[in-house]
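One chain, chain A, links the two complexes that follow: it is found with chain B in the first and with chain C in the second.
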Partner chain A sequence: MLEIKSLTKSYGDVLALDHFSLELKKGEVLGLLGPNGAGKTTLISILAGSLRDFTGGVSFLGKDLFSDRSLKNRMGIVPQDMAFYEELNAADNLLFWGGLYDVPRADLKKRAAEILEMVELSGRSKEPVKNFSGGMKRRLNTAIGLLHKPDLLLLDEPTVGIDVQAKVSILDLIRKVGAAGTGVIFTTHQLAEVEDTCSRIAIMDRGRILAQGTLVELIRLVGEKDIVEITGEFAAAAFSEALVDLDGDGVELLSASDNQAALAVSDTDRIPKILDRLFRRKLAVTDLKIKTPNLEAVFLKLTGRSLRD
Partner chain B sequence: MTMKTLKRILHIAGNDLRIMVSDKVYFFWSLAFPVLFIVLFGLLYKGGGNGPAVAELTVVNRDQGRWGAYFLEKVKSPGVEIKAVDEEPEAYNRLLVLPADFSAKIEARAAQSLALKKREDASTEAAARVEARLFQAIARVISELVLYGEGDLLKFWDGHPEFRELVRVKTRFPENTVTVVPGGFDHSIPGATVQFIMMMVMIYGGVTVMEDRKKGVMGRMLFSPLSTGGLFQAKLLGRWAMGMIQALILFVVGKVFFKLDLGNVRLSLLVIAVFALAMAALSVFIGSLVGKEDLIIGLAVLLANVFAALGGCWWPIEVVPAGVRQAGMISPAYWAMDALHKLRFFQGDFAAILPHLGVLLGLSAVLSGLAARYFKIRD
Partner chain C sequence: MRRLWLILKTDARRHLKSPLTIIIYIIIPVAMTGLIGVIFAPSSGDGTLPPIRVVLVDRDKGLASRLFLGAFDAEQVKKMFQVTTAGEAEGRAMMEKGKASAMVVIPERFSLDLLEIKPVFLEVVKNPAERFLPDITEEFVQTTAVMLSAAVQAFEPEARGVRAMLDAPVDAFPWEALAPELGKAQKKIASAAKYLDPLLLNVKEEKTKAAGAKVNLTRTDIFSTILPGMAIMFLLFIVQTVMRDMISEREDGKLRRMLTTPLRPSELIGARILGGWAMGLSILLVMAAFGTMVYNAHWGPFGYFLTLVVVVSFWSAAFFALMNALVRNRNQAGVLSAPIILGFSLFGGSLMNPEAMPKAFRAVGIVTPNRWFVDGAAAVRDGRFPAVPLLILAVSGLILLLLAVPALRRRSTV
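On to the complex of A and B.
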């Protein structure tokens, strides 16, 4: 349904997208996971038609996305900012935004009522949006993108800065939309979100996709290893150096920054050895956590960076 | 343009209007405040009554015959007070000199001219009253001559056309402005309308273009099949309609409460429509260039009031000295107000306001071009 081929976009010297390619099928929910500056918003903006001067191509429903304006009727986009009219109530916002698409007015009204129900705003649909809480606004922001029943829904960090209840409600909505046959791409920093919402996960950094697959497939990348997170007082370089002779011996350094590091270990019995090396170098350890393999470990392994909270 | 595009443009423009009129303070600004201006300037520059109650006329009667004094008797009236002097004084408001051969010429039935002089800054309105009175007096003297002379007035006119031209009064007032000084509510309502179109369109129109950009609302609209050009047209149309609504509010209020007479409703609306288009373009331009609400409001209030004052929205431009009047031409409001005055006070027709329409259309084209060139959708 959607085929992104070798998209490249730079801002001056910054390469925001670097030959980025991706495919998406009908009904697939893809979580696009990447740290700050990975290029997520850049990708969404290009697909939304609001960024120019890039190379590469995108085909959508078998046509060139950028040469057929009517294809925009088939696409729903939820921007990172809350972009709607605070002065209007939720129902009127939906009717306004939906009215920009080629949807018959009667269908639009019916659809607006349905969507309000889906995002649990029916009860307050006649209230000016400016009285809404952050979570309610996010839900409305998301609902607007869905009004014209798009075949593809793009969401840029739909869950940023909201309470747990609203987050659950939005992720729920994304799942439902996918189950109903709409292809979804949503970007996020939050591992937990993609773990139980997506049918496929792509990890991107510096404008490229580093790995993609189902959760199980991705976790297999770290192997049957446990993850050890160490917090203390040390410099990144000193930490790496202290463990250099353990490398390959069942210990893999995933990331090391000042006072914080992560390792993958084949067995927890490696831990005493690790601590021994650190103590010998007088590197203080204040905390140590052992985790079973998860997406976070994959992410650390692939990017050497942890995600922003 | 396809129907779908047109539909989207109307949809966006309609939504802008709806948000504007549902703002509670909107009616204060668009109705209560302008009505204050209407009443204030309507009373300050009352139509047909801004001259002194009694117009003084200084007269030097050098006539050696009897007709001069007789003529002056006829000029006397409750509204005109004659001040007889022997020599032409240095200071006067209005001055009439009857020449030595005034009677001789009348008796010889020879044509003659009288000069009515007016001090430059004396009331034009009073001068007009004096002038009208002089014409009346001339007519009376002539008719009396005729009655005593030949008997039948109507027939006499047919046979003696030269009598019509017996005495001519020469004045120095600019043509067309002698008898009418625009004033009253027929002046102050269009004045407030033009002023508040500028203010409301620039404030509401400019601020919302700026806010819609900052909030990402305009950017989001382009996720739909709408083009950038379509969005620009929608914003322009919405702001034009804001101006037209402002005009309609004040015209209806004017008609109902102040017996407003525009002279020619259709042509007046045409003038307003073209003027509103120029202001709509200006508001989109300002909204694209300026990023702060306070700044837009400040700029709008400043521009609207300076343009209003210069352009003759407050006091009729006809009462200001010629130089100031000329300077007023830099104000878009001047062209709208002058056209409206022509329609209402000077029997102007379409041809009379064509130059004004041309200037306003040209201004609209230039401002639309600038607004389109600098139209900013995202920050």
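On to the complex of A and C.
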């Protein structure tokens, strides 16, 4: 349904997208996972048509996305910003934003009522949006993107700054939309969200996709190894040097910075040996955490840094 | 086009949902007009102006000058003017102290030149601080001068006869010779009585009418003069308030979202400019209606006035479209717009009568919409079509629009 080929976009010297390629099938929910600055919003903005001056191409439903304006009717966008009129009520907002698409006038009111029901706002549809809570506004923001029943829904961090209940509601909505056959790309830096919601996950950093697949496929990338996170008082170089001869002996250095490092170990039996090497070199360890393989471990392995960095 | 109307309709609905700003912007100019009007308007119960203080300087002291000065003694005119006779230096000193609105100087040889049918000049020195009062004096003097001039020309042979007698010493003045001259004049008047009688009456009547239209200036007239200046100033504030949405939408992501829909940038830009234009037009008409209802202000022929309002609203929308396309953010727009509007208002005659301004101010004023709207409104009030103000506002508005559209297009995408 959607094929992105070698998209490249830079802001001055900063490369936001670096020959980015991706495919999405009908009904697939793709979680685009990456830290801040990975290029997620740039990708969504290009697909939404609000960014220019890039190279590469995008085919949507077999047509060039940027030369066929009618394709905009087949695509729904949920931006990170709460982009609607706060002084209007939810129903009027839906009628306005829906009216910008080629939805038949007669269908528009009916669809607005349906979508308000879906996002659990029908009881407050006549109330000015400025009175809504953050979670309700997020749900309305999402509803606007769905009103015209798009074939592709792009959501840019749709759960930012809302409470758990609202987050669950939005993620549930995304799952339902996917199940109904709409292709979904949603960006986030929340691991739990993609683990629970997406049929496929793509990990991106510095404008490129590092790996993609189902959750199980991605975890296989780090093997069965546990992740050991060590905090202490040491320099990155000294830490790496202390463990250099353990590389290949069931210990893999994932990342090392001053006072913090991450290792993948095939067996937790290797941990005393690791600590012994560090103590011998007089490198103080203040904390040590062992994690079983998960998406965060995958991310760490692929990017060499935590998603929170 | 459907989307353009949808945006316009939604914007109107949004503004009507929180109309406080617009209401304030309508009320303030009307209230300020009232305040200024009350200060400058006469406080007498009949609503007429107090007598205008005029200094008369008679350097001639001849027959014609006495005749001219006599015009100020007429009963009706006495109600209009409070006349002081003085020397020129004394008169100027009175004006500088604000004790007179105007000074009329009758030159030397005024009577002789007039009787010799030579062109003569009356000098009217006006005190700009007295706003329109000196203009009233000037009009009265002009009307009287026309009358006198017409009378002298009608009685040219008799005037020359009298002139010849004036060369004789006073002691030897040939009074007996004056009788035939007067007799001839009398016959001429009698033979032309059919025309002259009504002519004389007409002249007098016209004088009263020409001057009287302003002499009998009521508060209503003063409000009608002040309100256009106030209205254009607040029109600019309102149009900018409405059009600042363009920047807000850019900042809060609504613009980006709109452009992800099939909406074309041209439709969006069109809607924004039309919206500002329509809002300006509606508000200005509401202000005018308020002015009529509250102050009984008169605007002149409605068609002319409407044309002027349509064009000045268009100018305002085009100007702020360009400004909002050039500024970076809402704060910058806020910081810039107030001084620009106040500058326009100060130099353009919204806050001060342009005639009372220094020359440099007046020169700057011609680049402001306020000046042309105020001038245009004055012309319409006098029943004239405001061709020049309309042309200038329309052409400059179009230029602004042509500059604004590509700038806004550039701003629509990153």
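Just so we're on the same page, the second predicted complex is superposed on the first by the 308 of 309 C-alpha atoms of A that agree within 3 Å, B and C clash if a C-alpha of one lies under 4 Å from a C-alpha of the other, contacts with A are read in each partner's own complex, and residues count from 1 in each chain.
Just so it is clear, a residue touches a chain if its C-beta (ideal position, glycine included) is under 8 Å from a C-beta of that chain, and two chains touch if they have at least 3 such contacts.
Note that the structure is predicted; figures quoted are calculated from it, not measured.
Under the clash rule set out above, the superposition-derived model of chain A with chain B and chain C contains a clash between the two partners.
Contact with neither chain B nor chain C is seen for A:Glu241 once the two complexes are overlaid on the shared chain.
After overlaying the two complexes on the shared chain, residue contacts for A:Gly49 are found with chain B and with chain C alike. In the superposition on chain A, contact is made by A:Asn73 with both chain B and chain C.
Of the two partner chains placed around the shared chain by superposition, neither chain B nor chain C is touched by A:Glu120. Only one of the stretches 114-122, 132-140 or 168-176 belonging to chain C overlaps chain B in the superposed arrangement, and that stretch is 132-140.
Residue overlap on chain A between its contacts with chain B in one complex and with chain C in the other: 48-50, 69-70, 72-73, 75, 77, 79, 81-85, 87-88, 96-97, 99-102, 144. Within the complex, the chain A residues that touch chain B are 48-50, 69-70, 72-73, 75-77, 79, 81-85, 87-88, 96-97, 99-102, 144. On the side of chain C, the complex with chain A involves touching residues 3, 6, 10, 13-14, 17-18, 252-254, 256-264, 413-414. Of all the residues in chain A, the ones that touch chain C in their complex are 45, 48-52, 69-70, 72-73, 75, 77, 79-85, 87-88, 92, 96-97, 99-102, 128, 144. By the touch rule above, chain B contacts chain A in their complex via residues 4, 8, 11-12, 15, 19, 22-23, 215-217, 219-227, 378.
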